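Quick heads-up: structures coming right below.
The following pair of complexes shares a single chain, chain A, combined with chain B in the former and chain C in the latter.
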Partner chain A sequence: MSTEAKTQPIAQPSGLSPKEILRAARLPIAIVVVLILFGLVEPRVLSFGNFRNIALQASYLAIFAMAQTMVLLTRGFDLSLGYTVSLVSVAASMAMVAMGGGDVSILYGVGAAVLIAGAIGLANGLLIAGIGINPLVTTLGMANMVLALASTISGGFPVTGLPKSLTAEFAEGSLLAIPTPIWIAALVFVLLFLTLKATRFGRSLYIIGANPRAAVAAGIRTVPVLVLAYVLCALLAALGALLLTARTGSGEPNLGGNLTLEAIAAAVVGGVRLSGGEGGVGAAVLGALFVTVLSNGMNLVQIDGYLQQICLGVIIIVSLIVNRDEARR
Partner chain B sequence: MLEVTGFTKRFRGIAALDNVDFSLNEGEVHALLGENGAGKSTLINLIAGTFPWAEGVYRINGRTITSLTPQVAQEIGIAAVFQEFSLVPDLTVVENIFLGREQSSGLFLKRKQMRQAAAELLDSLGFHLPLDEKVAFLSRAQKQMVEIAKALRMRPKVLILDEPTASLTDGEAEKLFNAVALLKARGVGIIYVSHRMSEIRNLSDRVTVLRGGKKIGTVVTAEISDEGLIEMMVGRPVEQLFPKIEHKPGAVRLEVRDLTTEKHSVIGASFTARAGEVVGLAGLVGCGRSELCRAVFGLETIEAGTISLGDKPVERPTPTSMLAANVCYFPADRGSEGLALARSARENATMSSLDLPALSSGPVLKFWRETEAIKEPLGNLALRPMAPERRASAFSGGNQQKLMLARGLMKSFDVYLFDEPTVGIDVGAKADVYNLIKSLVEAGASVVVSTSELPELINLASRVYVMHEGKIVAELAQHELSEAQVLSHYFGGHA
Partner chain C sequence: MSSETATMTVANAPSHRASRLDRFLMQGGIVITFLVVAVVATALIEPRFLNRLNLLNVMRNFALLLIPSLAQMLVMTAGGFDLSVGAVVAATSVVTAAVMLVGSIYFPGMELALIIASLVIALGVGALVGLVNAGLVSIFSLSPFMVTLAMMSVLMGIALYFTQGIPIYGVVDSFVANVGRGQFLSLPIVLWVALGVLAACIIMQRFTALGRHIYAVGSDQRSARLSGVATSRTLIAAYMLAGLLAALTGFLMTSRLGSGQSTIGGTLALETIAAAVIGGVSLRGGVGRAELVALAALFLSVIANAMNLVQVDSKYQTLVLGAVLIVALAIERLLLRKRQA
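Presenting the complex of A and B:
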């Protein structure tokens, strides 16, 4: 640190120093660097088709990372996110099948998704904020219950017979040549960005995460804010679950297996602090893009799946270390 | 013995310390004085090896040192007691004192010897502590004593004390002063950082004053007046630290009757605060005056008693309802309860006012109005630097306090509850806080100040309630206010 300080001219504290700009741009730079490195080994990485593919894949992860960000900002996290995706996928599918599998049945699927996710989020939020149970224990317990429920109602098998239009519209559809899932992720991003920036709820999330006791002393009603954060997280997970279900064309009890970790990883890599109060949906989206670029590249150069998991773990830890060093300044 | 010359340190290109010389002799107490952000912390951290210096020469006992880590510093005889403790709450007093330097024979710790050595060490300092108690159960003053004992276990030649009395009561501070005198007699050189003029006067041989990262001068304590020191520190003559307040007691704004908290930190307390007056709450740390303020604001659970604002009784106070009822509370500990340090100055200034029409309509936050809305409050408080987008954690202690106080200026409140409003802030910022209190009271607000600083009570308050073990034991009118009078009630006795 001292050598950096020595070479720097004395600057006014206002405005962005080159170092700060570099820090803000480091993830986009990392994304480009990773793309080029993989492109050197496997030129297909740098094709237009692959870019489109990356954007499409990243849009799903981005939704889950943004969901997770809502609770990460409050110093919490949601370990039940992945299995909520599984449960919503099978339950919504069963609802659609039960209602005849026509176009209208999609609405029933959405209704089932909202009810189930709303209940999970409400339960998480009330246990954590209302009773004061640690988010780790609460959402881990919830994850277990939700997983068991998903396996039980589906019998462990995929739910088939979904409306054809579900996949046609919500997975393969496009508007102005941009696939529907990307539009939806972009819409979620805009709405959440505005929520965080321009609502009292959004500001409260940051204050609670930065210092929960100070938030209370400042008259912020922390319980409803936290409950809403967990409900929002679960509802966004449900939205992602419906989109993934549309992509696979069936209700999958194993759909959410790794999603919890991947969503946290994407948010943290993007710069959302586990210690709360810092970061945003922009960070979550960039993080999701980075993780996707990396796994896409590893797939194309045929790196083993388990090795990819190891890489993901290493990246989370490295980004935690980088963030920690920054927080110390 | 210790000498540094041309010490310079920059953070992000801004000089926190600029070409500072400092020396310390054997058996000398050398005080460091300066406002927050003057560079005191930076200087002692460099001397203690917490982080490296950019430029300058560091000599100890004639040896030049080129780089230093906290471990090496300890080995060459430099020990530091910082404001943030480095104790492990779940270990006992003895275990903490020997932390990292456990004495053992083979695999087994020499518990008896360590206990004996710890007892002797504490005894020699005049500290009486329960040796086998876990540190978590000790008071802040006791923790401070453990921290000092821990620093002394290595028999340092240089001891750095960073605001050691900031959270001690006068009696506890007395013990610390005795220990300082003892160490001095043993030839230990002591670097003593404090805001308190009387301590510097009583303890130190020389004073070095820093301002804005630069050294203003080093003087022999006996040869300079308090006014002279303050002038060096703030760079302008300070006519008077305490403004003259015109008290015009009017209608009762806050009335508390027989209040008892669930934890019995407050027992049957009754008091009133009128518009246009400053009411002081005095007493030892832990006497319940903090909890009384907190209970009124809804931060402590109330078991019995009533609170009314004007003639309106308050059923179940919560911070939200009390803010809405025009009661504003400033917590004693701005780090743990006052500020969201990772957020910007702007967000900290507005965090309790987000429901005001100026800042929101319904759920929508008018973020585009925010910067304009905080301009006047932060301007009145003379925030330095005036950088609303800077993280709160990057401001000095006094300016962090101002960020918290800015909340009280976002609208006009009827009742202000100040809990330790000047803890750990410098003289200049203190004067700002006192002037704020003056302007609030003279504008007709009712101000309650809970403080352990006797001069504040005597110079600011129109009436003082003294608390002891949760109960209000005395009420003193302005003409009865003297240090001796107030102190005589501190231990519940009647003078």
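Presenting the complex of A and C:
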């Protein structure tokens, strides 16, 4: 951590003043306030069933936001995340159907997901870190290639006939009364948290994001680190895609349409900085929770889906402004 | 990082020692090569390419890609990014058609006035969007990428909310006949408009203070400010001009389609960025020339037409577009690296 403090003008002091505690608690407070406000209009928002529902929905978005965070930390971007989800959903489903649709075929689906996402992440990483093309344009180009594949390989139709156990275990299953997707998101969170805090790779991500030149000077081999970050991002997207596929019970070519924007929004709302080097998976999870609480509330008070899209845009801008002031102080 | 600095130096201050490769890169060698290869290959593979009607079609599509690509170029040379360009096109298409539909109820028969009114209102919307984008980018120094991404979400939401995705019919007949299908000296009106915009951009870039200021702000905002450039005003001008050009595109597309559609412009952000980047506009700002962007837009229009002629599924066309963008950037990058070695 000390290296980051040096390279980054916005160093975090070790002591916690009341102001800083308030700053750290800002998003949780905002989440509670939003819940109460919606609860006043529609009491169902504050029911236990709905809390469970919010946690479940947020766990999917949290996985995507954490995936995006891996590359945002390095000053990168993955605009192909949403369509990677679509392609993985369709391709993994086709693999499962082709292998007979039994329980064992799930393994083939997972294998297909890992191969495809790995290839996309590797291509992104090599183009960005190896050749040196701008991450926005690389992943924008990749997004369109992946979208084309996702919408053509199945003829544009949903892929049905998936193993029943997929939905039963990975969408509706639960352990200790907590749904499986929440467990998986929590596991991902813990693993990534430890990776970022305690491994050389994790710390390298921060240093590259804070100051790429300093990272090279410090002897970090930036190319493999960056490639790994993009591969990790794509693999996490694939994990989320499999979970979403289990929930819908079919391979959907339109599954990831809005996910890129939502994942970036969640990470940014949570406080992951686009200029790299600041934020973490905790921020991504909180941001995902905030976005989910908001969309859940808007759904329950029956706000039009298109109006929700407008709100999402406004929230991104507001949180950018708020987080920016924080950096300035 | 050193190779990036090299790009800037090459493009900004060509030294007399510039190698042949430098000159090739600087003078749009890549885009000219791409364009010539695409035209020759298409003409050889599919002779129908050279039919008069097909060429007219290519020109119309080229015109409607050129105008938003120039918008993208203006913002990118100022060091920004505009992902909202497609959304502005969609929103202004809806606005154009809505103004005509409502206007023809209250003012029947005044077609010319309605066409002009809808153009003015659409341009106003575009300018307003540009102003908001620029305000957020310059006052709060937010990432232009995120601001315009959020703006895209907002605009698409508004356009879809008011239309629910259904096209707005009731566009004035003479609008479609005279603007969308109209010709002057046997070339489409939309092409003349686009060429006029291109000429204006070239003149602005070469001969006006605004043009020089946009380059200065794009290559280094701080030193631009220190040398007395009003950076905020320059950014606002660049984004507002981009908004105006995107609105003009929405207006012209409505004349082509005969209806206002909230669903057009979906891939326009990608296409315009591709045209700008293939035309040599730097993603780091400060570098970009309108005439080369025009050649790149023509190249993209030719390959899109070629794929239509050989009946490639439109979904695969997106794939090719993404691949072309990445390959063009990779070639440029690798050539630059070779030059350094």
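We take it that the second predicted complex is superposed on the first by the 315 of 329 C-alpha atoms of A that agree within 3 Å, B and C clash if a C-alpha of one lies under 4 Å from a C-alpha of the other, contacts with A are read in each partner's own complex, and residues count from 1 in each chain.
Quick note on the criterion: a residue touches a chain if its C-beta (ideal position, glycine included) is under 8 Å from a C-beta of that chain, and two chains touch if they have at least 3 such contacts.
Only a predicted model underlies this, so the values are computations on that prediction, with no experimental measurement involved.
Taking the superposition on A as described, I'd like to know which of chain B and chain C A:136 touches: first, second, both or neither.
It touches chain C, and chain B stays clear.
Just chain B (first), just chain C (second), both, or neither: which does A:321 touch?
Once the two structures are laid over each other on A, A:321 reaches chain C alone.
Looking at the overlay, what does A:278 touch: chain B (first), chain C (second), both, or neither?
In the superposed model, A:278 contacts chain B only, not chain C.
Examine A:199 and indicate which partner it touches, taking first as chain B and second as chain C; both and neither are also allowed.
In the superposition, A:199 contacts chain B only.
Per the contact definition in the header, classify A:145: touching chain B only (first), chain C only (second), both, or neither.
The answer is second: A:145 touches chain C but not chain B.
In the overlaid three-chain picture, which partner chain does A:40 touch, first (chain B) or second (chain C), both, or neither?
Touch status of A:40: no partner.
Using the superposition on chain A described above, determine whether A:25 touches chain B (first), chain C (second), both, or neither.
neither
With the two complexes superposed on chain A, say which partner A:127 touches: chain B (first), chain C (second), both, or neither.
So A:127 only meets chain C here.
Touch check for A:211: first (chain B), second (chain C), both, or neither?
A:211: touches chain B, not chain C.
Shared contact residues on chain A for chain B and chain C?
Shared contact residues on chain A (touching chain B in one complex, chain C in the other): 213, 275.
Going by the contact rule set out above, which residues of chain C touch chain A in the complex?
1, 3, 81, 136, 140-143, 145-147, 149-154, 156-158, 160-161, 164, 267, 269-270, 273-274, 277, 283, 313, 315-319, 321-323, 325-326, 329-330, 333-334, 337
Which stretch or stretches of chain A touch chain B in the complex?
So the residues of chain A in touch with chain B come to 1-2, 5-6, 8-11, 13-14, 17, 19, 197-204, 206-207, 210-211, 213-221, 273, 275, 277-278, 327, 329.
So in the complex, the part of chain A that touches chain C is made up of which residues?
Contact set of chain A toward chain C: 77, 127, 131-134, 136-138, 140-145, 147-149, 151-152, 156, 212-213, 261, 264, 268, 274-275, 304, 306-314, 316-317, 320-321, 324.
Can you tell me which positions in chain B touch chain A when the two form their complex?
Residue list for chain B touching chain A: 9-15, 51-55, 297, 299, 318-320, 322-324, 329, 331, 336-343, 347, 351-352, 354-355, 360, 363-365, 367, 385, 387, 390, 407.
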